[in-house]
Amino acid sequence: MVPEELVERIKSLLGDFAKEIKIWKNDYIEVEVDKENIEEVAKRMKEFGFDHVKDLTVVDYMKEGFFRIIYNLGSYDNFELSYYIVGIAYNIPRDKPVTKTLYYIYTSADFQEREAYEAFGITFEGHPDLRPVLLSPPVAELKPLRKDFVVKEDPEIIAKKK
Amino acid sequence: MPAKPVSKQVPSRGGIFSKFKGNIEAIAIGVKFFFNPQRFTLIYPKEYIKLKEGYRGFIVLRKDKCINCGSCARICPAAAMRLIRLPFTDPKTGKTRMKLWPIINYNRCIFCGYCVDVCPTEALYHVPYHDVVYETMDVMDLDLEEFQKEPEWDTEKQGLPVKYVVDEKMGLVKVRIKEEGEKQ
Amino acid sequence: MSGILDIIIKIITWPPLWQLIVLGLIVPLGVVIFILWFERKTAARVQRRIGPYHVSPKIAGGLQLVADLMRYMFQEVIIPKTVDKFPFIVAPLAALILSIVPVVAIPFTSIEAYFPIDMSYSLIISLALLTLSPLFIILSGWASNNKFSVIGGMREAYLITAYELVAVLAFLSAGAITGSFNLVDIVEAQSGVKWFIILNPLAFAAAFIGVLLSTSGFPFEIAESEHEVVAGAFTEYSGLVYGMNMGAAYLKRMIFSIMIAVVFLGGWKPYTPGEGFIAGYLVPSIVILVKATILMMIFSFFRAVYGRYRLDQALDIAWKILFPLAVLGFGLGLLEAYLGII
Amino acid sequence: MSGIIRTQGAQVGFNDLKLPGMWSRKIGKDLYEIFIGPQHPGSGHMRIVIRVDGDVIVEADPDMGYVHRTMEKLSEVRTWIKGIPLFERMAIHDACNVTLPYVRAVEKLMDIEAPERAKYLRVLLCEINRIAAFLYGFGIFGVFLGHSTMYMWPFGDREVWVELAEWLTGARLTHSYPVFGGVRRDVPAGFTDSLRKAIRYMRKRLEDYRKIFVDNPVIRARLEDVGVIPKNLAIELGITGPNLRASGVKYDVRLNHPYEVYDQLDFEIPVFQEGDAYARVWQRVEEIKQSLNILEQVADWLDKHPRTPILHDKFWKTAPPLYKKIFEETGRAKLGAVYAIMKVPAGKAYERAETARGEISYYVESNGGNKPYRIRIHSASARNALVYKYIVPGHRVMDLPAIYGSIDYFPPEADR
């Protein structure tokens, strides 16, 4: 199956929900949807054959002022689909990082939503156990993966003085 | 030829006989190794491994080859290699100019070897050993003079050199390397 | 001067004292140290390692155990605030003492002058004393006031109920064969090749496995399995007290081995005790101790081959396989007695 | 690290049971809370909080993050090449496998591909790493089950593969071997012979393992019907790697999304149906056998083909004569100065690879600068951690080490 074919099928599956579909490097398909429709989209994608969340990526676009949440879906059971990763992406405003959980559709998103919660401070409404998973609570307060949390590594390659 | 999935099954549970056989086999192989242990342990301070050519050990600078490009400091993933500004007198022209020389801080070095690989003139090289003892952390931050010397290797003075050779029967075999004096 | 020496020798060789201090404590302690070394060396050989080495390369690391002992001696004994102090300290001591007490009821010779106590019911008495010490392990777990200790203590309780019962029942089958609880009679009945290991292999197997698992040596230390319960009942212990706990388990195993040697492996047979202290007492005890040591060596070989059973599986094996096996052994003993094989 | 203080449990205070000097709280009638880890020997730096009813676990809460090293954040402040030594610290005994998808993702963004010889060399090191990592897993598994011989043997045999990897790359564990556009060193002379010897040796040793560990009745009793992950649950939880295949799912990145030269090699993907801990052990044994097959084919290919450049032309064409001379003499491909200051075209790439513990995936986004804009890593162990939450309840306490070991969970990889 060529990626264009999969894109056509996803288009017919999602209809108006899919705002924009992009193919990156032949095997990564990014589907942009609205925050409101995410649960419906996830349900349809799961029925279509993308049976687990490979990973949940959040990208912070600080200048543009939004977080982009990408559920990268993969397939275990369907050989043809398993070649591709479909990223269901939607944006939420940076100043109000609240969205709905997909925990009840994809159990595999459980810990990853907790990770996004601790690193970006995004609240997934309806998640039954939204606690930090990797960081300790005080560190999670700082939302370390946001772009305004700046890590200072000494960029100087010339030694100050020995 | 792509890979092909093949269904397999674990051996069946078996009855009391296979349990008995399993016990006997386990004890038998234990006894076998009890009488023939096939060991290849390195008795470290008394023996040491003479590592192969190309081992990424400590890094030494050949100052005469260095062209002061700074690539090594730029690529260093651990920020162990830094540049230092020192006067340099050109032997041909006799002029003295300030130049950038690399120095290394072994507190930070991860021995990835990028600096050696990126050096356009092979001014840096690895010595094939890694067990060097420093007394304090300050000493590990080398200056330009120390960076040009090969670090002192105490292990060599205390033990006998061995090397490990892959073997079909034993896995690895410890082979004693004859020192130069012993050959005659 | 020689009079005093005589008196001292007399006191030392007074059978109860001799048996308790020398045969019960000093010799087993030496054997345990040897066995610990042997166990580490055996495991090392099977595992393609060298094992203890650097402490004394010339005698294959033999002094490693002494070094370990020194470390335990000089380690700080920490008694946490949360523990119940009196039982916390007393329990390991009591366990240690109780695990060597049974030795006074075991005859090391057939000559009556060298019996520490009356031997008529010695099999029963020694078994009864042997099964006392685990209670104090449970107590020390309880006194530690720690989750892991309590769990470890509970596991210990489960295992002991199961395996010591099996071991005791298997030992009693010797009584069934001979019709006597007198260990001297039991040994004397095993003349020639009629050792009870040959006459009653079922009981021997049950006793062997029962002892192996009830003394919880590695890897059958289900009660102390470090991946779930840290060190079981001994979690809060440190220093010498911890070492005592560990030593008690090995001492108990040693005493059990002596019991097996006496009951199943013919005691001092094929040697016949003669006149005097040396021929009548010392030599037969050495024979028994050597047999027991060989048994200990076999026990310790298994650590290299096996893994740890799960608690419920271990109990399953005890109740479903070993207990019937021990009962069968008992029945076999009765049958042999009826047929008059002895 | 979730912190034990939970909001849900706040209604009961911390000294609820009035035990002197001890933090205690009621968690429910007849329930007992045990902390497995984080400083237990063997379990690594990870804690599982379990609640038990008698001997049966009713709730398990994996508490990860004790070795979290903020790799995703650190990679954003470092140049592209510095990501390679950084990411390989996720699982240093599996270094080539965990860094390869990152390298490939960046290659995708740059629209370059490694030369064929470099691809074979990558596969070579990947499989050596895979075997070594499996053996490491076996060793840890042996510790968990109290089987001390199975702890020592695989660690000893792993030394063979580590030795080979050291000969090839110059470092025992942290190889930093693949770089953008190729690999750093060619095989040394005599390497393939030693490799073949090691392969034959390993095949023989697997039989020894079977006798003392896999077919040992005590071990079988511990593992059979323990930690069963049914196929549909495995898919739902997104379990990965050998654990997934042991549950009957035919999924392996080398099969479904072949990378490097895996589509040209002849090997099998073993799939077991049972899904219990014992099947997972067999799965790993079979995978070692297949890795040995792959290594044999790679050794044959390397023997047949003479030394050709192992870096992409983009980097190798402009290389000075000294570089080429050193490559001819020692097989060391020196890196151009461009690596240090490289810029990667803007775009997104998603790349994955099959590591010893399962699938690792990298989402790499570049905005055209000399540093990544966002790298999201999701490693195999992080995905397998869900097993503790969903599979462990219902088992006995002593089953937990068996499940932990059979999952082959590696905390540093999960915590990133």
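For reference, chains read A, B, C and D in written order, and residue numbers begin at 1 within each chain.
Everything that follows uses one rule, which is that contacts are C-beta pairs under 8 Å (C-beta built on N, C-alpha and C of every residue); 3 or more make two chains touch, one makes a residue touch a chain.
Here the structure is a predicted model, which means the values were calculated and not measured.
Colleague: When the contacting C-beta pairs are counted for A-B and for C-D, which pair yields the higher total?
Modeller: C-D
Colleague: Quick one: most central chain, C-alpha centroids?
Modeller: The chain sitting closest to the overall C-alpha centre is D.
Colleague: Which chain has its C-alpha centroid farthest away from the centroid of subunit D?
Modeller: C
Colleague: Hey, how far is the Cα centre of subunit A from the one of subunit B, in Å?
Modeller: 40
Colleague: Rounded to the nearest whole Å, what is the centre-to-centre distance of subunit C and subunit D, using the mean of the C-alpha atoms as each centre?
Modeller: Inter-chain centre distance comes to 45 Å.
Colleague: Indicate the whole-number Å distance between the mean C-alpha point of subunit A and the mean C-alpha point of subunit D.
Modeller: Between these chains, centre-to-centre, one finds 23 Å.
Colleague: Compute the distance, rounded to whole Å, between the mean C-alpha positions of subunit B and subunit C.
Modeller: Each chain's C-alpha centroid was found; their separation is 49 Å.
Colleague: Among the residues of subunit D, which ones contact at least 2 other chains?
Modeller: Expected reply: 78, 149, 156, 212, 216, 250.
Colleague: Name the residues of subunit B that each touch 2 or more other chains.
Modeller: Correct list: 26, 30, 40, 74.
Colleague: So which bits of subunit C are touching at least two other chains?
Modeller: In subunit C, 46-49, 304-306 touch at least two other chains.
Colleague: Think of each chain as a node with edges to the chains it touches; is that a line, ring, star, complete or other?
Modeller: Other.
Colleague: How do the chains pair up in terms of touching? List each pair.
Modeller: Every pair of chains in contact is listed here: A-B, A-D, B-C, B-D, C-D.
Colleague: Taking the complex as given, what residues does subunit B use to touch subunit A?
Modeller: Within the complex, subunit B contacts subunit A at residues 70, 73-74, 79, 82-85, 100, 103, 141, 143.
Colleague: Residue numbers of subunit B touching subunit D in their complex, please.
Modeller: My answer: residues 1-11, 13, 19, 22-23, 25-26, 28-30, 40, 51-56, 69, 71, 74-75, 77-78, 110-114, 117-122, 126, 164-172.
Colleague: Across the complex, what residues on subunit A touch subunit B?
Modeller: The contact residues of subunit A facing subunit B are 153-154, 156-159, 162.
Colleague: State the interface residues of subunit D toward subunit C in the complex, per the touch definition above.
Modeller: Against subunit C, the touching part of subunit D is residues 19-22, 32-34, 36, 40-43, 55, 142-153, 156, 212-213, 216, 218-219, 221-222, 396-402.
Colleague: Subunit D touches which residues of subunit A in the complex?
Modeller: It is residues 24-25, 27-28, 30, 51-55, 57-60, 70, 72, 76-77, 79, 82-83, 85, 87, 106-108, 110-112, 119, 131-137, 144-145, 149, 151, 153 of subunit A that touch subunit D.
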